[in-house]
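Letters are used for the chains, namely A, B and C, taken in the order the chains are written, and counting of residues starts over at 1 for each.
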C-alpha cells in the first residue's frame, strides 16, 4: 500500500517536472506574474555549524533567483554530538530534504542505502571525480556530491621560519626530525600541539595513511575485513610511533594540552611555531583571521622513511545527500545539479577562496590561490596522493582522539595505543555489523 | 569573643570591661564582614568579571582570553551582532525558552503540590513504593531514544507540549519532595477544621492548602526555572528544528570545533543570564523561606 | 479519622503527576531495559541477550571510569556538605553583609553549566589563566589544572562545588533557621559557647538538611557529566572519564544498545549506593 502511494507520487512529481521542462516560458510566467498564487516549493537543508556557510548561502541565493524553489538552512551542532542528531532524526523520520554530512566512514554509519537517494544515474554525477564517488558509495550506489573543495592532511609550515633558519622541505621522516631539532634550538616551537581540541591530536596518525598504503597496498581492505590489525602491521604501527617520537623529543609547545586549535593557528601564522600537523580546511580559518599571513603558509605531506616515497593523504570533502523520505526529491536534485555546476563552483569560490582542488572534473582553480593550495596541487597533478583510511574503510574507532592524546602526551606508548585502538575498532565494527568481526 | 555573646544574662553587668569587649567585638565583626565580602568577591565575583569584561571586547582582544581591561568598548556592537545572528534566532529562542520554562513551572506546581500533599498526609502500605518511585526518578538518567519514540507515538515529538511534559516528568520527583516536606509544617488540625466547616476534599486542597504552600512554591519556581531554562540536552533531542531553538542552543552560534568568537559567546552568556537574574532578584528572600521548617527531608 | 482521612486524601490527587511521570519517564526507562539487550541502530534491532553488558564491562577505560565516578561523587558531595554547613552557619548569623554574600554564593546555581565550564577552562589555563597568575603573584607555581592527569578530575570537581555550593548552603540555612530559638536560649542558660551551640544544637538539628544535601549531591555526583564534558571531555586521554561520560561517548558513536546497557549499569550502581545510604541516613535521623 505504502509502496503504491510512493510510486504514484513519484509518477506525479515526474509528470510535473516534465511539464515544467516542456514549458519553460510558462514557468517564467508563474514565477513572475502569478507569484502571489504560485506556490514556491521549499526544501530544507541541515548543515553543521562548523561549516562556513558564506559559499553555500551565495549558491542558494543564485539558485533561488533562477528557480521557484526556496532553500532553507537549518544548523545543528557539529562533531559527534551532531552525528547523533542526524542518526536520531533519520531514525525518527524527521529529516530535512538535504543533508550535509561527512563522506567515508561517517557516511557508512548512517546506513546510506536506507536513508539517502541513489544519485548514480543522474547526469550531473558524471562530472564528479571517481575517488570522491568511492567515498560516498555503498553497494555500487552513489549518494552525494562534494560540498567543499578537497582537503588534505599533512604538515602546514611557516615558510618564513624555514627561510630564516635555512631549512628545506623534508623528504624523509628523519629529515623532518632534523628540521625540528634546528627549530627547537632556535627557540621556536617545532611542532604545534593543540590537544585541548582533542580531534587535532589524530592528524599525525591519520595523515600517515599514504605511507601505510605505499608499504601495504591492501591494508584498507584487510583492515575492513579484520585481516590486518594496526598494532601488528609495522607500517600502520609506525604512524603511532611517529606521534610518540614527536612527544618524546619534546618538539611540541610546552602547554600543548591546554592549547586549542585557534591558538595553534595563531602560533603558525605568527611564526611562533614552525609546523602544525593539520588538515587543510584550516586554511579557510587562517584566511579569515590572518589574511595577510597566507603567503607564509605552505604544506607538505607527512614524510615516510624513504626518500623515494613522497605523497599526500587526502580528505574527501563533506557531501550533500538527499533524504530518501523527502517530498521534494526533484527540487533537491535540481539544487545539487546547480551546486556542482561550473557556475555553482564559481559562486562558491568568490565567497571562500578554495582551500584545495574541487572533486569535480573540468573545474579550474583561479591562478591566485594560496601558496599552500599550490603545494597541494602538485601532489594531485603527480598522482602522489591517497585518501585517508576513513574514506577507504567504514571502520573507524570512536576513541581514536583520546588514544592519540594519550600517545602524544606520553601517557601510553605507541604500541599500547595501537593495541587500545584495535580494541576500539573491534567494538565499532561489531556495532556496525560488519562481516568478519 | 563568643563568651561575651553567650555570657549568662543574669550576672550583674560590670560596665567598663563589657564596653571594652564591645568595641573589640565591633572591630572583630568589622574585620569578619570585610574579609568575608572580599573573599566572596574573589571566589564568586572574578568568574563573572571574566565573562563581563570579555563581552566588552572586540574579537581579537577577547581571543586572548585574559582579564585585561578592554582598550575600547564594544558591548553594544557585540549585542547587536548576537541578537541579529541567524535572523534573530535569539529572539525566537527567548520566546521558546520562556514558554517552556513558564508552562513547566505551572504544571510542576499543580502536579507536584497535589502529589506532595497526598503523599505526606496519607501513609499506607503503598508509601514505600511511592518513595521508591521518587528516588528512582532522581537516580535514573533519562532514556533518550525510547522517549522520542513515545513522543512520536502520541504525536508530541517536536512540539512545545512534548518538551514541556518531558521537563515536567524529569523535575517532578524533586518538586514532590519539596512539597511533601513542607506539608509537615501545615497542621492536620487545619484540614479537620476545614472539613468540619463543610469543605470538600478538592476545595480543601485548592482553597486552604495550596495558598499555604506559597513559600515552598517560590522555591520550586526558582529551582525548576533554573533547571528547565538551563537544560540544553533535552531540547536538543526532543524539540529539534530551526524554529524550535532554545536560548542555551544559541551559545552554539559562536562556538565551533574550529573557531570560537569569544566576545560574542560571552555577550551571549551575559544576555541569557539576565532572565534567571531577574527571577532571582524577585524571589531571593523567599528561596530559603520555602525550604525551612520540615521541608528538608 | 482514619476513614475520613482515606476519603479526604484520595490518591486521585496523585493521578495527574503519576500519568505524566509514567508516560514520559517510566515507560521509556522500561523500554530501555529491553533495548539494552539488543543490537540497535535505531531503525533496526536484534536481540543479543547480555552481550552489551559484557562489552560494556570489558571497556578498557571502564576501570578508570568507576574509580573516577566514585572519587568525583565523594569529593563533590563531601565538600558541599562541609563548606555548605560552614557557610550555612555563617550566613544564618546576624552580620550586615549576609544578604549580599548569600546572593553571591547562590548566583552560580542560576548559570548554565556550559557557560561556567567555558569560563573556568580559560581561568585554569596553566600560564594565561587568572588562577595561576594570582598564584605566581604569591610565589606559587600553579599546576596545569586540567592538563595534569593526576589533578584534572579534582579541578573539575572543585568547579562543580563552586557551582553547586549555593544550593547546599541554602538548604543548610533553611535547616538552621528552622531550629526553634528556645533551644539556643536554653543552651545560653546553661552557659554554653558558640562551639557548644554548633556541636550540640546546630549539627544534630540540621541533620535533615545535611541528609538532603548528602543524598542530592551524591546522586548528582554519580550521574554528573555535563561539567566534565564541557571542561575536559574525559581527557587528557581517558584520565577524567566518568561512567556517564563513557556512556555518552558510546551514545555519540551510535552504539545505542551498548550505551543503553551502560545506562542500566550506571542505574544499578547508583541504586546500589544511594538506596542503602538513604535508608541509613533516614534511620539515623529517626534515632535522634
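By our rule, a contact is a pair of C-beta atoms (placed from the backbone, for glycine too) under 8 Å apart; a residue touches a chain by one contact, two chains touch by 3 or more.
On a predicted model such as this, the values are computed, not experimentally measured, just so you know.
With chains as nodes and touching pairs as edges, the resulting graph is complete, every pair of chains being joined. Seen from the C-alpha centroid of chain C, the farthest chain centroid is that of A. A separation of 15 Å divides the Cα centre of chain B from that of chain C.
The centroid of the Cα atoms in chain A and the matching centroid in chain C are 40 Å apart.
In this assembly, the C-alpha centroid of chain A lies 42 Å from the C-alpha centroid of chain B. Among the residues of chain B, those touching two or more other chains are numbered 144-145, 149. For chain A, the set of residues that touch two or more other chains comprises 81, 88, 91-92. Annotation for chain C: residues 42, 125, 251 touch two or more other chains. Put simply, chain B touches chain C in their complex at residues 2-3, 5-9, 29, 32-33, 36-37, 40-41, 43-48, 50-51, 64-67, 107, 110-112, 114-115, 117-119, 121-122, 130, 133, 135-147, 149-151, 154, 165-166, 168-170, 172-173, 176, 191-192, 195, 201, 204-205, 223, 226, 230, 232-233, 248, 251, 255, 265, 269, 272-273, 276-277, 279-280, 284, 287-297. Within the complex formed with chain C, the residues of chain A that make contact are 80-81, 83-84, 87-88, 90-92, 109, 111, 114, 195, 198, 255, 257-258, 398-399, 402-403, 405-406, 409, 411-412, 420, 423-424, 427-428, 430-431, 433. Residue ranges on chain A touching chain B, taken from their complex, read 49-50, 72-75, 77-79, 81, 85, 88-89, 91-92, 94, 197, 199, 261-262, 266, 281-282, 285, 288-289. Considering their complex, residues 39, 41-43, 55, 60-61, 125-127, 144, 146-147, 149, 233-239, 249-255, 257-258 of chain C touch chain A. Taken in their complex, chain C has these residues touching chain B: 1, 4-11, 13-14, 16-18, 20-21, 23-29, 31-32, 35, 42, 90, 95-97, 100-101, 103-116, 118-120, 122-123, 125, 128, 130, 162, 167, 170-171, 173-175, 177-178, 187-189, 191-195, 197, 208-209, 211-212, 215-216, 219, 223, 226, 244, 247, 251, 256, 260, 263, 266-267, 270-271, 274-275, 278.
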